[in-house]
Each structure stands twice: as structure tokens, then as C-alpha cells.
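One chain, chain A, appears in both complexes that follow, with chain B as partner in the first and chain C in the second.
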Partner chain A sequence: MTATVSQPPAGGRVLAGSVGVAVAAVVLWEIGSHLSFVIPPPLDTARALAADLTDALFLVNLRETMLAATAAFLLSAAIGGLIGLGLGLSRVARLLLSPIVTAMNGVPKIVLYPILLPVFHLGYGSKIVMGVLFGLFPVLINVMTGVQQIPSVYWRLARSVRAGRWQTLRHILLPAIRGPLLTGVRLAISLSLVGVVLSEFFATKYGLGRVVLRSYSAGDYPNMMGTILLLIAVSFVLSLLLWRMERRVR
Partner chain B sequence: MTGISIHELGVAFSAKDGRVIAVDGVTQEVPERGFVSIVGPSGCGKSTLLSVIAGLYAPTSGHVEVGGRRVTGPDRAVGVMFQEDSTLPWKTVLENVRFPLQVAKVPKSEQLTRAQQAIDLVGLGGFERRHPAELSGGMRQRVALARTLAMRPSVMLMDEPFAALDQQTRLLLGAEVLRIWRETHQTVLFVTHDISEAILLSQQVWVMSYRPGRIIDVVDVDLPEDRDASVVATPAFNALQNRVWEVLQAESMRGFAQENAVPASGVPAS
Partner chain C sequence: MTVRTKPPASRKATALPKARRTVPGLIGAVSIAATVGWIVLGGILAEAGVRAGWWEPDVLPAPSEILPVTAELLRSPDFAPDALRTLQELVFSCLFGVAAGLIVGVGFWKAPGVGRVFEPYLVSFYAVPLVLFYPVSIVLIGINQWSVITLASIMTAVPVVLNTWMGLRSVPPVYLRLAASIRCSPAQTLFRVAMPAAAPYVFAGVRLGVVYALIGTIAMEFTTAQAGLGYQIRYLYESFDAVGMYAYIVVVLGASVLLTAVLEGAERLLLRRRTVR
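Moving on, here comes the complex of A and B:
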């Protein structure tokens, strides 16, 4: 499509506004740091983060968290996508399984940690599973609803031209649900990271969650805040990228 | 030999208010290259009948033959056009029209030529790269028509394809269908609730009753073969319209009464 829609001349003002909000946030942060000893000043935090990023042990922790989060995200997307597809396509499966899905989605996932720990052990296993528990449901539920909302005439069309299973998947089903699928995937990216970092708070050797907790116990607040900031930045950038992709397909 | 013969066809299904007989004992024939319309009150089984002929729905009793072969499922030689907008919004006009050819694994160069021919035939030349969202409802139905024509079916089944459009667009597209039919010589079965559309387009009109859906009248349309929309003003057209309307009016009233029937006190339940 080559048609361009005329944009209101607000681009510059929006940018100025964003910068303004960012500056205000830093100023508030600076003020806050003088009110509570747990909040380090922005400058100290930036210094601590810069030092961390050249520290070998911190990089091991970073890598550990990112690997686990990536694995958790990929598994969430794959498992959530497949289960969502199955539930969306089969009314019987929906009737049988949606109570479990609703119940599991409603559970604060972290209460399952004591069950996961002995089963999946301390290392990657339990972290990844926790990440999957967090990331799975947005994909599953979005895909399931997306499939159910496909107009029935598309299925009749596919049947009338005798499209096979794969042809129907490729030409009708996947393009029809690409919007909800991307929404689910976008949510899964940040939520898998949440799940992984959260489980790192409890029992693990390496990982950014561990770094945050240890810095807190040691009273090293700039280091703690720097790590939190890094986590926010990673999740923000990934979500932003996917959000842009999502807007393009609509 | 691609006429349609319908033998003692019956379709029943269970609904909230009990068993519904949508089609009951229909035995009819559409001659090869004939153009037949079915009119009937809304809720009669005309769309169901068409779905059975298309192989999308299994009958409860009886059977249908298309070109002498018993219908057991969808057939690529039978094109179906739906009432709802069935254009795929993520595909361009060209991709939409190509879709059935792709599915049928027609060689790619042939896909493109046939799709282009169909697009030109329905007057959408120049819109190949547009997406359905950029087109009006009438143009989208043209895309659907082109997609059906691209398969070069010998039989076309059209289920109120223009019902959602305004009167002018409907007349215009009706005239297009007639022109295309004269060029392509397909056997057409056209479902509509619009009497004048039915008479304008077809050689024969079947009037269907409200449940149970039976064919209660068959009207031969003896208007000139090369007629256009101006025929609507002639006395002959009027006479036909009145005849169909008389039959249909009684049926519509009955259907209306039945749909709005409340089991009131004093009326014994059957």
C-alpha cells in the first residue's frame, strides 16, 4: 500500500513531551533519593550499572537470566500457540479444558514455586518453567479467542474450494489470527522475563533476580537499582519492537 | 451434461424449538446452462438447499446429482458464492482471486492469467493490488464473483450474493452476472429474497415455502433472453412479479405468524 495518511503536525511536540516526561521522572527520582535511603540517586545508579556491565560475574548473571527468559518465551509461544489453536478449533476441547485454563490463569503463579522446585531443580529448569507459566496464558487465550472469532464464511470458503489442512492453515487460519497472536507474543515476552526473574529471587545460583536480592541484602542500593533499570529497559525495548510489528499487520 | 437434479431431498436439524424441517421432498431440475432462481421468505430452507447442492451440508434424505454425478462433498467444478463478505482482508484483489487456483495447484503462470481474466470479466481491472478494506461492499462481492469464476466452474451456486448491497448496486451487479452468464454458459442456481431480481436474472423461478421448505410454485420467465434492467417497466414483467408475489405473500405471512407464535393460554400444545 502506497497511500499515505496525512499526519497531524504533532511529531515534534510529542517528542518534546516525551523528553519532558523523562526529565521529570529523573528529577522526581533525585528528590525521592533524598527522602529514602533505599532509593539511590540517579547518577550513582548509572555509575553502578556502567560498572556492572563490565563486570564478568554480572555478565554471567545477565546471560543466565536472558537465556532462561528466551527459552521460557519460546516455549510459551509454542505451547501457548498450539494449545490455543486446539482449544479454538474444538468446541469439545474448550468445554472440557477451559475450566483448567481459567483456574491456572487465575492462580498467582508464584505459589506453585514450592511444587516446581523439587521437580525441576535449582538451575535453569524451575526458572524456565516459571517463565513459561507466566508467558503461556496470554498467547493461549489470545490465540484461542482469535480462532473462535474467524468468520464462519472463511471456513465454508476453504471447504468449497477443497483446501487441505495445511492450505487452510496457511491461507486462512494463520493470517486471520496474526493480530491476536502478536498481541499474545508481545505480552509473553515481558511476562516470561518477569517469571524468570521472580523465581531467581527464591533459589538459584546465578541470575539478575539474584543480583537484585543480594544487592538489597548487602545494602548496595545503586547496584540493585541499576539492575532493575536494566530489566525494565530490556522488557521495554522488546515490547516496543513487537508493538510496532503488531501495528504494521493491522 | 452439467445440469443439477434434485431427488426427494429432505434436510432436518434439531434446534432449540424442536426439530426443524428446512427442506422437505424437493424434486427439481436445473437444465444444463440454465439460470434458475429460488425465492422464498427468510427462514425457509433456500440457503440450506444450496449448501446441500454445494456439498457443504449432508441431506437427511434424498440426494442431488450435478452433471449426472451424485454430490458427496464440495466439488471444484461447482463454484459457490456466499452472502457474507468472503474476501480475505490480508490478501490483495489478485491474491484473493488466485486463492482457489493456488489451492488447486494450477501452474503459477496459468494462475495469474486466469485470475487476471476473471478480474477483467467482473470489471475490476486496475484494482489488482488493492486490499478489500479499500473497496466498497459491491466491489468486494465482485472480487468474490471473480474468485468463483477464476476456477471456471461449470455450475455456479449463488446464495443471496448481493443481499447486503443497496438497490442500485444490486441491479448493476445483477446485470453483470447476466452478461457474464451469457459469455460463460454456466449452469446457475441463484438464491434471493428479491422477486424482481429473480425474474430479471433467471429463466425459471422456484418459489419456496416457509418450513417445511417445499417448492410450491415454478414460474417460467418468458422474457427476452437479452433483456436488461429496463424490462422491469414492462407489463409482462409486472404480471410475472404479481404471480410470484401472490404465492410468496401467503407464505411470508405464514412464516411471520409461525416465528412470532407464543404458546398462549387456551391453545393446546400439540
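Moving on, here comes the complex of A and C:
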């Protein structure tokens, strides 16, 4: 995300510090769990999560959520990338569509869920569409802005070496927008997951969102906390990997 | 959403601005007209679809049925408590989030080592995944506006922190040397030199933060709450009142489009004033 500032090598000390922050958070959590009975202790949470991960039904729920989130992410990247490319390349399309894209981006997509539900039904369909609605816009807007910001000399180069349309896309356009594209993809991964889990809070048969809400209403807080942390950890690790890739690209 | 960490000023530098500069008013008018056109077209399609029986009216009622109910809703006394609840949550989250974001962002600029230690967390919780902590928040705080405000404030703060920090880092060093050479106090350097120079980044962060506050607030109300616009949509859905639910959906969509437009306008104004100066 950094623009031009020269980054000193992110040495072991920064890493140690970041790990230290996580450790401090766990310590604070432990202290908190002694102060309030509604906070499950970290150890209980870890145990609940470990037990969940050997439970067949939990694994079905886990697989359901991850499959839906993966599908939603792939669709958002593909659809967002294509629309973003089109809008980035065509000024007329941008003129006609970019305000509505900006407006849609600011809309809380969750309110559209009751509309999706009867159309795409309870199973995978409505979850995936919700995940796509969440993940689509970061890819779309980043690709659009990225393509727009390609220096015009790149296009002249493409013309001067008589690059075909495909070659221009492959060798000039994609490398030129890989930074914003990666940013969009990174955001889309966690957003698709959130979209899927939020729809599972609402109505579904299987899925971790449902597990979280059920543990909440049953007062089984270690289980609830463990499941939430599992979801957060998945999105955290994936975002972090992509973020490091992004920094290497720039 | 989380996208434009770089303010649009840089775009102007690279794009070919000739045609734009001549008729910016016209271009804006075309864009606005196109947007209104799309919305009207969508409305006509929805109306035609119900009339032609492409779908059942309880799936998507006709706009001619929804809009009068929306107008009635806005005047009814039942509307105010939910709207005020959402507004209150939104305003508090934006205030707390932006204030905390600015303070932490400046802090990270002053102590970059600390900033880099926290950076991976900020980047990967950017910012919507925090909604997943809502069940934890209601266990800790209770089902009331404060559990929403707490999380929505953090969601707002994250982009403000990252953008403020990045904006301050991208201030040309010569500005700071100038400030030092004329013996500005640290406060003067920050408020008169560094922050104004970083303003486009900071504002882009605030804009993202406000949008997140709205998205988060509505999503959390929708999940579980006692009041609020998001809660009403969920409630009316579960009581099979399709027209009433769509009236609230129209209100939320309208309010968020209005908010986006206001933020966009404010950003343009800020950037224009900078280029004039």
C-alpha cells in the first residue's frame, strides 16, 4: 500500500513486535476472562475449537462455508476484473456507469439479502451471490482505477511494437495493474468470506455462520469464540500473504 | 470500498485531461443523468416484471406499490425511532472512529516502528471482517447501540489510521525541513504543514471510514438488534411484510447513495481548493 517511501527491510524485530502484540492480546483476553464470566478463557476456547475440528458435523459446516466463500471469491475476481477492465478502457462506459458503481459500492449489501433469498434459494446460491456482492467492488474499482492510471507511454509502446490485443493485455496491461489488482483481490478474499458468513447468520442449513449464531443463543461462548477466531484466522492469513506479495510487487 | 488509498489527485496527473477540462460541467451532468436513467430503467423493469407476472409480487413488489408506502413511512411516527437509532450509531461511530484514527495515524507517523508492528493487523482487518466479532460484542456489551457503536468505530478507524499514516509518510521531506528551518513547533509542523499536505489521503480514509460505519451499522442491526433501519428490514422480512420491508430497503439505499454523493462532493471540493491555491 505504500506509495514511494523507501521501506527499510522489515526485519525480525518488526515480526517479533507483531507476534508480541498477538501475545499481549491473548494475555489481556485471559485477564478479561477472569473479570467477566461471559468471556470464555483462551484455553477453553482453544479446547472447544480443537474438539470442533474433530467433529464430523462441524467439518461439514466448515466445508460448506469454505466452498461457498471460494466460489464467491473466484466469481467476484472474475466478474469484477472484467467489468473493471471494460470501465478502465472505455471513457464512455466510465462516464455512464462509474457513478452508479460508486453508489452501489457504498450501499450496505446486506439489505439486499431478503431480495436474493427467494431468487437464489436457501442453499449455496444466495450465500454465494451475497459473497460476490461483497467481494466484487474492490476488484472492480481497483482494476478500473489501475487501468485508467496506466501511463499513456505504455499504450504507445504497445502500438510501436505492434502488440496484438492479447499480447497487450498479457504483457503490458496486466503487469501494469498488478499492484491495484492484488489489493483488490486481497480485499475480495476477506469480503467474500464475510458476505458468506453474514448470510449464514441469517438463514441457511449448514455453515459456520449458523454455528456461531447457534452457539451464541445456546450461551456456548467458547464454541462461538473459537469459530469466530477460526474464520478471522483464515481471512487474516490469506490477507497477510497477499499483502506481502503486494509489497514485493511495488 | 476499501479501495482508493491513493487520492484521485494523482489520477489527474496521468490522464489526458484536455477534453475534460473544457467541459467538466457537461461531463458531470451526463454522469448524473446516466445514473438517474439507470435507476429509472431499473424501476420500469421491476414494474413491468410484476405486471407481466415474471415473478410473484411478494418476491419483489411493484415500485408503484413500494414508493407510496415509502413516502408514508417517512411521515409516520414509527419511522423516527429506528432512523434516529441508526443515525445516532452512525454519528457516534464516525466521530469516535475518525478521532481515534487520526490520533493513532499521527502516532504511527511519529513512531514508525510501532506502526509497522501493528500494520499487518490493521491491513488484514481492513475493515469489514470485524463484523464477525459482533456476536462477541453483544455478549460483552449487550444488545444495545453501544455494541454496534464500538465495532463500527473500530471499522471506521482502520482506514483512517492507514491513510493518515500513509499520507503523512508521503509528505515531501522538504516541507518538513522548511518547517524546521523556520522553527515551527511540533504542533505547528503537524497542523500547518504536514496535515494539510496529507489532506487528500486523510480525506480518502475518512470517506472510506464513513462508508464502513454505515455498512457495518446496518449489517450489525440486521444480524441482531432491538431497533434501527437494518433491524426493521429483518423484522419485516420475518413477518412476511414484503412491501413494508422494501420501503425500508428503499430508505437505506437512498440514504447510502446520498451519503456517498455528499462525501464525493466534499472530496472534490477539498481537492479543487487545493489545486487553486
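To be clear about the criterion, the second predicted complex is superposed on the first by the 229 of 250 C-alpha atoms of A that agree within 3 Å, B and C clash if a C-alpha of one lies under 4 Å from a C-alpha of the other, contacts with A are read in each partner's own complex, and residues count from 1 in each chain.
Methods note: a contact is a pair of C-beta atoms (placed from the backbone, for glycine too) under 8 Å apart; a residue touches a chain by one contact, two chains touch by 3 or more.
Just so it is clear, the structure is predicted and the values come from calculations on it, not from any experiment.
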{"item": "Partner chain in contact with A:Thr102 - chain B first, chain C second, else both or neither", "value": "second"}
{"item": "Which of chain B and chain C A:Leu213 touches, first, second, both or neither", "value": "second"}
{"item": "Partner chain(s) touched by A:Ala163 [first = chain B, second = chain C, both, neither]", "value": "first"}
{"item": "Which superposed partner A:Pro151 touches (first chain B, second chain C, both, neither)", "value": "both"}
{"item": "Touched partner set for A:Pro175, first chain B, second chain C, both or neither", "value": "first"}
{"item": "Chain B versus chain C as contact partner of A:Ile39, first or second or both or neither", "value": "second"}
{"item": "Touched partner set for A:Ser199, first chain B, second chain C, both or neither", "value": "neither"}
{"item": "Of chain C and chain B, partner touching more chain A residues", "value": "C"}
{"item": "Contact residues of chain A, present in both the chain B and the chain C interface", "value": "1, 3, 151"}
{"item": "Interfacial residue positions of chain A with respect to chain C in the complex", "value": "1-5, 10, 13-14, 17-18, 20-21, 36, 38-39, 95-100, 102-103, 105-115, 118-119, 134, 137-138, 141-142, 145, 148-152, 183-184, 187, 190-191, 193-194, 197-198, 201-202, 212-213, 216, 221, 224-225, 228, 231-232, 235-236, 239-240, 243"}
{"item": "Complex contacts: residues of chain C adjacent to chain A", "value": "1-6, 10-11, 14-16, 27, 30-32, 34-35, 38-39, 59-60, 113-114, 116-118, 120-121, 123-126, 128-129, 131-133, 135-136, 138-140, 162, 166, 169-170, 211, 214-215, 217-219, 222-223, 230, 233-234, 237, 245, 248-249, 252-253, 256-257, 259-261, 263-264"}
{"item": "Contacting residues of chain A [partner chain B, same complex]", "value": "1, 3, 151, 153-154, 156-157, 159-164, 167, 171-172, 175-176, 178"}
{"item": "Chain A-facing residues of chain B, complex", "value": "54-56, 73-76, 78, 80, 82, 84-86, 88, 90-91, 99-100, 102-104, 131, 134, 151"}
